[in-house]
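Across the two complexes that follow, subunit A remains constant while its partner is subunit B and subsequently subunit C.
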Partner chain A sequence: MTNSASADQAEQVAGVEVGEARITIPGMSEEGENLATAHEETEHTHGGLGESTVKAKTGGSRADRTTSLNVADFAVPTGREEEWRFSPLKKLGRVLSDAATQTPVTLKVRNLADGVTRGELAKAQSPRGTVFSAADRAAVVGYSQTAQADYISVAADTELSEPVFLDITGEAAGHRANGHLVLEAGAHSKAVFVMEHRGSADANLNVEVIVRDGADVTVVSLQRWDDDAVHVGQQDAEVGRDAKYKHVSVTLGGEVVRMNSNVRYAAEGAEASMYGLYFADAGQHLEHRSFVDHNSPRNTSNVLYKGALQGQDARTVWVGDVLIRKAAEGTDSYEKNQNLILSDGARADSIPNLEIETGLIEGAGHASSTGRFDENHLFYLMARGIPEKEARQLVVRGFLNEIVQAIGVESIEETVQQDLENELKIAGF
Partner chain B sequence: MSTLAIKDLHVSIETEQGSKEILKGVTLTIKSGEIHAIMGPNGSGKSTLAATIAGHPRYKVTSGTIMLDDVDVLEMSVDERARAGLFLAMQYPVEVPGVTMTNFLRTAKTAIDGEAPKLRTWAKDVRGAMEKLKIDADFANRNVNEGFSGGEKKRVEILQMELFRPKFAVLDETDSGLDIDALRVVSDGVNRAHSENDMGTLLITHYTRILNYITPQFVHVFVDGRVAEQGGPELADELEANGYDRFLAPAQA
Partner chain C sequence: MTEQIQREKDQGVTSDILERNPELHGIGSYEYGWSDSDTAGANAKRGIDESVVEDISSKKSEPEWMLKLRKKGLKYFERKPMPMWGADLSGIHFDNIKYFVRSTEKQAKTWEDLPEDIRNTYERLGIPEAERERLVSGVAAQYESEVVYHQIREDLEEQGVIFMDTDTALKEHPEFFEEYFGSVIPVGDNKFAALNTSVWSGGSFVYVPKGVHVEIPLQAYFRINTENMGQFERTLIIADEDSYVHYIEGCTAPIYDSDSLHSAVVEIVVKKNARVRYTTIQNWSTNVYNLVTKRAVVDTGGTMEWIDGNIGSKVTMKYPAVYLTGEHAKGETLSVAFAGEGQHQDTGSKMVHMAPNTSSTIVSKSVARNGGRAAYRGLVQINAGAKNSANSVVCDALLVDTISRSDTYPYIDIREDDVTLGHEATVSKVSEDQLFYLMARGLAEDEAMAMIVRGFIEPIARELPMEYALELNRLIELQMEGSVG
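On to the complex of A and B.
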């Protein structure tokens, strides 16, 4: 059996070579004038398994995508739309309808320290809606059906020594639950928010993160739903001048999870990173979409999502959009997705989209690989006396561990590691 | 005292054009404490021999035998061979993401010895061996071979060889790409393992340079998948002076 299908990508986008290497732009002038938005279609499949598709641009700039807070601006998707073509719309129908909450999810906030306040925000009440703008049907109906948003605010100059834990629990399987959460970190504050989703619901939950100037914010979103939960959500952040934002999404539970994690910048000098870890078992559909909007100059971004799949019809999707707008000179950005297929019958789609509208950048790269175990890793470890089973365990744990380490909250890292151990037992690792 | 005996070994690989025979009947016997150099031009099958001894799945043995004392090596899996006392220092060691050197070395040592090494002495052994090979202490916390330079990877191969104490080591062009300081450090490591553990060594090299630091008792010249000539260290001197031309000319005629 040949089962190595990994291939790091280096693709051409509008004459701009992107990939592992730093950017080189043939024939670019200093002004960066003759570089248009990429629009041509360069879809291709690679890897020996027929299980992975990687594409560059798919036509239509991310910059042209509708964002709005009006339900009327988004039709119910048919499945032919670019942003919906991988999603199981039958199962998602219940969270795409413009319907009210039947049984709300409960939110329990722990570790509300001095300088942290909890409140509620009505629809037009600032800062709600100042950062968030729905980018698809799911997000807009969730927003519009939530009259009162939950609001956690950290005062300026407050440095929290402990994370703020937000335990979000679905109380009734198959019952619609809409929600909107606003997290605001004041200027030069430092905070870690850990959202942990458990239980079951047809959950449509949006999150809006406001990172003021000089703040340092980590948002961890753990999806540990029961097997029958459905979860759609858009988690938007705007990162202020010289601020730092880290978003970590860990999706292990739920029947269908479709998460959009987005970042844009308020000014210059900011650093954003988005990490993701997902583990899909038989019948699960776990979809993650990230979008970094380099809308202003001299900011950096780094996106790394890793996934493992096992079992019949285990399905994952990652779509990573990076848009470097004309104004975003001095941008440094990188995105990567890697998937490890542990058994037959699983399918991972991985699509990095990189659009560059200015040549005056520090760097832009993307990479994607999907495959089985790297046989060379196994051979190396086994040639040192390590039995095959143990060698596989080492390789797969090493692969996933990179993201676990990015969480940075020890108690959470331990429970995620334990969950991964339980997942790996299923496939005999 | 152990013996590694290779007898009339024929090895093929699968290519897009079909099966291709690389080794065409190799016979070699190495005893504990002996150092054998295998020299030869590129493509003569030297590395194929190394990979076949280690059990790389790409290489198919079509006939012949490899015996470690009275045990059939070809019947063993890759990891069983390593546990039986065979070690291959690879020409291109791979990077293993997310697995730290510390974890890897302890796991391998445990597998080879059949029991976990004593924590305190093991840490000391590793530190000591790293110092002798001039490997920075910080490498222990890094992932296996990740971001190491070519020379660093080769030193880490020799580190493993010293820590795992194999009966026989095959060094597959370990000297390639090393500067003179690194070559000396690596050679010292091989000579230590040889004198301390009575290790038998199969030193595969393209150049005679490393033979200034490691003295073989036997030199075998590989040409076109066979041993074309055997001799003592003087054969290496002759190759140094005349190159491989006299072996290649008749092969092409």
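On to the complex of A and C.
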């Protein structure tokens, strides 16, 4: 009667092998797919009180995600959490501990024109922390370990003719560097900020962007780190009434980069666009997460991220969340991610999540595509007598250039073009 | 029905169309909500433990290995946590559910042999009529835990087609079960598949021999009668090389104050160059949790098509999957979901490309109204080596008011460079222009609305057999009743 065999024993049952031997789908075990094998970094196997297959693949509503400035609210991730399950936690462990800075990154600010001031902000000192609220463990420890934040503010009604350059340099590979940067653009001001990350560090750097009413702000974040850098960061913006905000993230360097770029709105009539460009080589993990929180009515957003991958274990992750809350009537929103895989052995994940709580919207859409080439473009060019190899080169460049052109700062566009040329040369394009 | 009109009046959403067309009153709400007398259900045991599992197994006089597998399923069920994503499942009380209800001692050979109550129920659902009119080539009717009636056309039987309830099939054709049962959806695949494995009962078994084309669909009909019922049918379909079959299932249940659980497992094996189409019109009453695992594995050149219509239930979480294991295999899912008041339809599809030159398509359409919530949740995975594979996902959602909600959670994982893949989604409200255009031509507002919605889901409706397309259209009309306010 009590013939209960433990579930852990994959027993052979008379006449039938109940277990893996009989499963008709390759790679599946008695407990469904073992998704953990996809992450060579997170070494938890499916044994024990494993989650169901589907759970590991999906997540809850973005509206329910905790945000806080209190470290105690975020446990050290295990890799099973929805927001961490794609990330190489072994390598990221160094920036997830609640640890002090060992060697800070240096910040050099160029082009401080009239009307632009540089200062520092202590933890509770406004406007620091008025827009930024950490959405994960990385962001919260970075915040709490930064006593004095750097603060650049542009006075109201000031229009800058030149970008403000912020050169951020990691001084010691493997050394923890925490930082927090507050960028504030006064009402009806116009400014472009270019943050350029170089060198190497275990960098945990947050950015807080305050776009006051009617302002027009572009923030470009260039990740041109050395090969051994680790960079986690959350870049939050709040966009005021009738204001414009453009965020461009370009990630080329670094061993592991994990960027969260978030936007929400202070009032109505604002326009936010977020662009991203990443190029992952062998062994690189480049992860970008964007979140547009349509928390108030009649704002627009447009998200476009493009990526290219080449080489063994080149890995990119893009997760784009758009949440249109109940109050956000009249919202118009679109997001798109496109990836180009240039060689074998690379892996691209793309998740455009869209949550909509009201029907009174202008429009909401998202799109994602991953592939080798746009065959139509290729055909078009070849039909005009351009040899295939050249045509491919043109198609790849055209694909990536859409984002490069969004930067809008000529000198930076040229630098990025050159970086991309170097990357493409490695891939044989 | 007057209650409904009164309720709508109270809510200020009375529609002109109802007032002007009294004949529509009869179809203004869930019309499958009656219940039959229920001695079997009333005496059934609630809750689950090993003795329940042993009891089910012994009532069915099963082979020993199946009992062992059931027990293993129970272990996994107990061990696995409830999913923390998707819909709210906190209303499921496993201790309150009746896991096995035998409604009649013997499977009937003719409808007349069935107990009167049950026969009347199926008459009202129109199942015997469909059989008489030869709209289907085989029928299986499951009532509570077991199939109470099944029939297949003789010519198909002569060609070697097997279509019977899973319990009987296990006795008569054990070789298929030893080879395939639990091989597509393993015992511990997820909490609800494990639960199904431990207490499964009923469902259909279909085997289509090599080269046989079953031109007219096979039909299964699932009915829950008793309150707090758990229905755990288990379906296994094997389409041998070069064969074709279309299987259709429909489901309804009475309306009760407390909830029932429907947790099916459907395994499909599509062999070389075979094609299986599986159509579901799910119209459970709004007190049924519908948590179903459906998966197909497709060999070289084969095609699997899921047509998944979700109209009823309180909560549905269902993501029909296709594993494309052979070259040139194809997978297709057409999914349509309606979420009305108090409903959460969390549906989608999963396509896994494991071989070169495989292709898949997912088209999902959802309509949320009256506070309902519709979500598309999907996964497309292209494994390394699945060269020249192509996938396209299109999901469209339509929101017709300000209190409903639409979510899209597509997941895309590509590990191969030589592929083309695209995902597109749009969410729109019914545009004023469209409404104005139709109303200017004399249509009442909710007629116009229903027409827009019909147009919206037309690409899916046209894939259904005629009578189902008509049924779907009619359901939309009902769903859209009073939606303008």
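One rule holds in what follows: the second predicted complex is superposed on the first by the 369 of 429 C-alpha atoms of A that agree within 3 Å, B and C clash if a C-alpha of one lies under 4 Å from a C-alpha of the other, contacts with A are read in each partner's own complex, and residues count from 1 in each chain.
Heads up, the rule we're going with is that contacts are C-beta pairs under 8 Å (C-beta built on N, C-alpha and C of every residue); 3 or more make two chains touch, one makes a residue touch a chain.
None of these values were measured; they are calculated from a predicted model.
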{"item": "Partner chain(s) touched by A:Arg347 [first = subunit B, second = subunit C, both, neither]", "value": "second"}
{"item": "Partner chain(s) touched by A:Asn401 [first = subunit B, second = subunit C, both, neither]", "value": "first"}
{"item": "First, second, both or neither for A:Val220, with subunit B first and subunit C second", "value": "neither"}
{"item": "Touching partner for A:Gly385 - first (subunit B), second (subunit C), both, neither", "value": "first"}
{"item": "Of subunit C and subunit B, partner touching more subunit A residues", "value": "C"}
{"item": "First, second, both or neither for A:His377, with subunit B first and subunit C second", "value": "first"}
{"item": "On subunit A, positions contacted by subunit B and by subunit C", "value": "375"}
{"item": "Subunit A contact footprint on subunit C (complex, rising order)", "value": "50, 54, 63-65, 67-69, 71-72, 75-76, 79-81, 83-86, 178-180, 182-191, 193, 269, 297, 319, 323, 325, 354, 368, 377, 379, 384, 397, 399-430"}
{"item": "Partner subunit B, residues of subunit A touching it in the complex", "value": "374-377, 379-388, 390-391, 394-395, 397-402"}
{"item": "Subunit A residues within the subunit C interface of the complex", "value": "1, 3-7, 11, 13-16, 18, 22-32, 38, 49-55, 57-61, 82, 326, 329, 339, 341-361, 363-372, 375"}
{"item": "Subunit A-touching residues of subunit B, taken from the complex the two chains share", "value": "54-57, 77-79, 81-83, 88, 90, 93-94, 96-99, 103-104, 107-108, 111-112, 143-144, 160, 164"}
